[in-house]
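Order of writing sets the chain letters: A, B and C. Residues in each chain are counted from 1.
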Amino acid sequence: MRVAISVVLIAILLVLAGSVTAQSVRPPGDAVNLEDSNTLGPSNALGNLSDSDIWRDFRGGDPMNIDDIIRGPIEGQMMTRSGQLWREIRENYIRKYAGWFPVGVIGILALVYLLMGPARIKSGFSGKTLPRFNLNQRVAHWFMASIFIILGLSGLIILLGRPVILPIFGPTVNSIMTSAAMQGHNLFGPLFVVALLWMFIKFIKGNFFQIVDLKWMIKLGGLIGGHVSSHQFNFGEKTWFWMVILVGIVMSATGIALEFPWLFDDLRVLQASTVLHAVGAILLISVSIGHIYIGTIGMEGSLDSMLKGEVDENWAKEHHDLWYEKVTGKSATDDSTEVTKEESGS
Amino acid sequence: MSYIAFVEGPLFLIAATVFVLGALWRVIGIIRIGRKKDISPPKGSEAVGFIRGNLRHFLPRGIFARRTWVHIVGGYGFHLGLFVLVLFAAPHIVFIDERLFSVPWPALPRWGFIIAADIAFAGLIMLWVRRISDPVMRLISDWDDHIGSWLTFLVMFTGCLALQESHVFLRATHMLFVDIWLIYFPFSRLMHAFTFFLSRGNTGATYGRKGMSL
Amino acid sequence: MSEKSDIAVAKFLEHTDSEAASFFEACVHCGECADACQFYLTSGDPKYTPINKLRPMERAYKRDKAPFSSLKKAIGLAPSPVTEEELYEWEPLVYDSCNMCGRCTLVCPMGIDIAGTIRKMREGYAAAGIVPEGLQRSAEFVKKTSSPMGVTIKALKAQIKHQEKATGIEIEIDKQGADYMAIFSSMEIMGYPEVLGAYAKLFKCAGLTWTISSVAYEATNVGVQIGSGPMAKEILQRVVDAAEVLEVKHVISPECGHAYGAIRWAGPNMMGRQFKFEVVHIIELLDQLRREGKIPAGKKDSRRMTLHDPCQIVRRGGLLKEPRKLLDESCSDFVEMKGAGITNFCCGGGGGVSANPRAEEVKTAAFSLKVDQLNGVENLEAVVVPCGNCRAVFEDGLDAYDMNLEIIGLSELIADTLEEDPAPQGTG
């Protein structure tokens, strides 16, 4: 399970690295700048220039000239080659492969569930509970979760409508769904920023990395080498927290650029934003599926921590022993575990 | 008959009728249960208390702020945002103009709509996620609470999905949820929109009679 | 369904008037009331959420009386009938852990009077005979002696004699045509008889005539606590009859919470007529006499004191400023506790809770909030508790929490701080 997430994570990071190089390509320019084209473009195209000169003017600039690439579209220019490059990345890489990441994660998780089943509390439920998340943390979490689901689904429709919905359901359905998804996505986008900030404030405590997390990581969360210790949040949870926060910041920034393009007025920013936004989204969506799995059917006793705010004592001993010892002042490994086991069995 | 013609025509008429008559029936039904006339010598006015009670409970008391802030922010955000959307959204004004009467106020600009919608959605989501994650609210909530929240969400959500006004299908779906919401309303706890003044007023009147100024 | 649940449900429905109906209709299940409830605050158990305590009655209403209920029943959407097991399950919530303090109403966005509706709900419980043993025992005492503690007229006369000796003022029993007739709670007569002497001093100073009836001296109304209308009426009848036979002009409701509401507000409605006398609360009366200059304040008590707000007198009785004015004039170091006034916490023993031994544990836990409030006042020496029942709960509570604090009644404090030799009265 954790291995799966790591594999997916690395793959996604590779894509992300690739996209970093992609963001410096030149954007497609104001392809229909009517005012300029009236004076420089087609309006005087019937003059004394040859066809190839006209097309050169249309395309504009020297594709090998780095200054042109960085400065962006030249005034009056009707075509940009960087736009073509951006389009190729979007169509040939992102749209082609993006959908497979979440699908792959779901497939792996289904396999894990079928082969290994959910992670049970080894010593059974003790019947005694410990408070884990307070009400404000729970509300912040579910607020973020709601916004995330709406944005994730509508975003996937926007990104994958053409390659997935269009061939199956036809252009009308695709058009309706894409229009709806775009409106929904734009409307809920700003709320993500609010939710992110709220999450950050409510969960930052306890989410800094510690030495014990290194051991957790080396043992892959207990998959190899037996029991792993952890404080209130383990390495996986901390990584997820920081991923949400850091990638979330990128998503917020690029999202704002795309929703309010006049704030930047620069096509390079917008082109880079679409790429980053899509890659970040696929990363978060894929990992969130793992998060949802562990939080619900994947691990016994973990959903209650977010619904009721409380976890079973035995759950805490097994998954967050150091936290258990800190809040209860008791040892997580003494023999009382055996006693509670018998009690709960009777 | 087309989808849009149905949901904006006969179904809307039926829904609006059920809404108006149902809500009236229920409010009148509650009042008609009646209560024994209070003959204890009054110290103050019941009528003043009725109004005062209604006004007083709009504002929270500071001492309870620790627990109530999510409800205050979420509750006011949702309700105010919703009222603004219902009354000032441009398509709504056009809809009322065409069918009922000429709306005397201007429509909200697009940015205003987005702000109101965001606040309303944030509020509604806050209220509902609190419902599923607070042990007290989990205990006292029933299916009516959840259906009411979700129906209202879907009405608002489908409305926003139709914002581009590019497909009649989306507009019709919004109207379909509006119709369902209107029909559900009088039979559900959504009726609190009309019963709150009775509840606050009755308590206020009792206080008023006792000469209390709460 | 059973006989008991039938009786209870019938009473629930009978007592769901348009006011209670509006409460059930308006509740949006927000759960804010939990944060106002002492029993929830001290236990964290959601079952103590005030509105949850009303659930059986709400269900009965929604099933059989609410608008559209027959329609909903026809299509199977009405709530299921209230069962006897459910009634028993809810009994501790209705009796042991609701002190009817009304704090929840303040926080409720819909202004729902949960305490008042609990009172109506108890009618169903009382009619069905599902009542805690302790309250039932009080009720039996009342039948015999009119006092829930079994205080006989003999015992009262003995206390009066003591007080006459202590103050040197005669207290006339059954005085025909007196201005005022005083009634007391058993708790005061047996536990704090100084209040009788205080009344004597105050009335003498004010130049007013007063008396105590030998047949109706008890103010406590167990009928109201249990929730039995007929019993409440029977108890009240004694007081009304005695006052009207003696032809007094006023009946003074004592420093006791629910007794004031029982006779002043519920009284005429229970009897179905207005009284031939006026009901006045002792705090109201003292304030009025003080404003009229009939009981001028003398040397102030210099102890550092605070005031407890009995729920039925302050939050639900409207006497908020009066005790504070009186205290300011009688005490040189009066400090408010945190959260004082309208939103003050109950002592924990209101609404019949203190008469119900089964509720001992939750009552003591609830008192911890009062302990926190008292501890919040530095160098506190005494607390003024203008309610006999609260006073008894305070004594138990302070004992349980190992606190040493003097508890004083308001009338005694006023009587003790009167001007030594006030100018003769009679004008006013």
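Rule of thumb we're sticking to: a contact is a pair of C-beta atoms (placed from the backbone, for glycine too) under 8 Å apart; a residue touches a chain by one contact, two chains touch by 3 or more.
Being a predicted model, the structure only gives us computed values, none of them experimental.
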Centre-most chain [mean C-alpha coordinates]: B
Centroid comparison with chain A (C-alpha atoms), farthest chain: C
Whole-Å gap between the CA centroids of chain A and chain B: 35
Intercentroid distance (Cα basis), chain C paired with chain A, Å: 60
Junction residues of chain B - those touching two or more other chains: 134-135, 138
Residue ranges of chain B in contact with chain A within the complex: 70, 114, 117-118, 121-122, 125-126, 128-130, 132-135, 138, 157, 160-164, 166-167, 169-170
Chain B-touching residues of chain C, taken from the complex the two chains share: 16-19, 21-23, 25-32, 34-36, 40, 46-47, 49, 51-52, 65-68, 71-72, 105-113, 116, 264-269, 272-274, 278, 315-318, 320, 339, 342-343
Parts of chain A lying in touch with chain B, wherever the complex brings them together: 135-136, 138-139, 141-143, 145-147, 175-176, 179-184, 186-188, 190-191, 194, 306-309
In the complex with chain C, residue positions of chain B that touch it: 22, 25-26, 29-36, 38-41, 43, 53-54, 56-57, 60-61, 63-64, 66-68, 71, 75, 131, 134-142, 145, 186-187, 189, 191-192, 195-196, 198-204, 206-207, 209-214
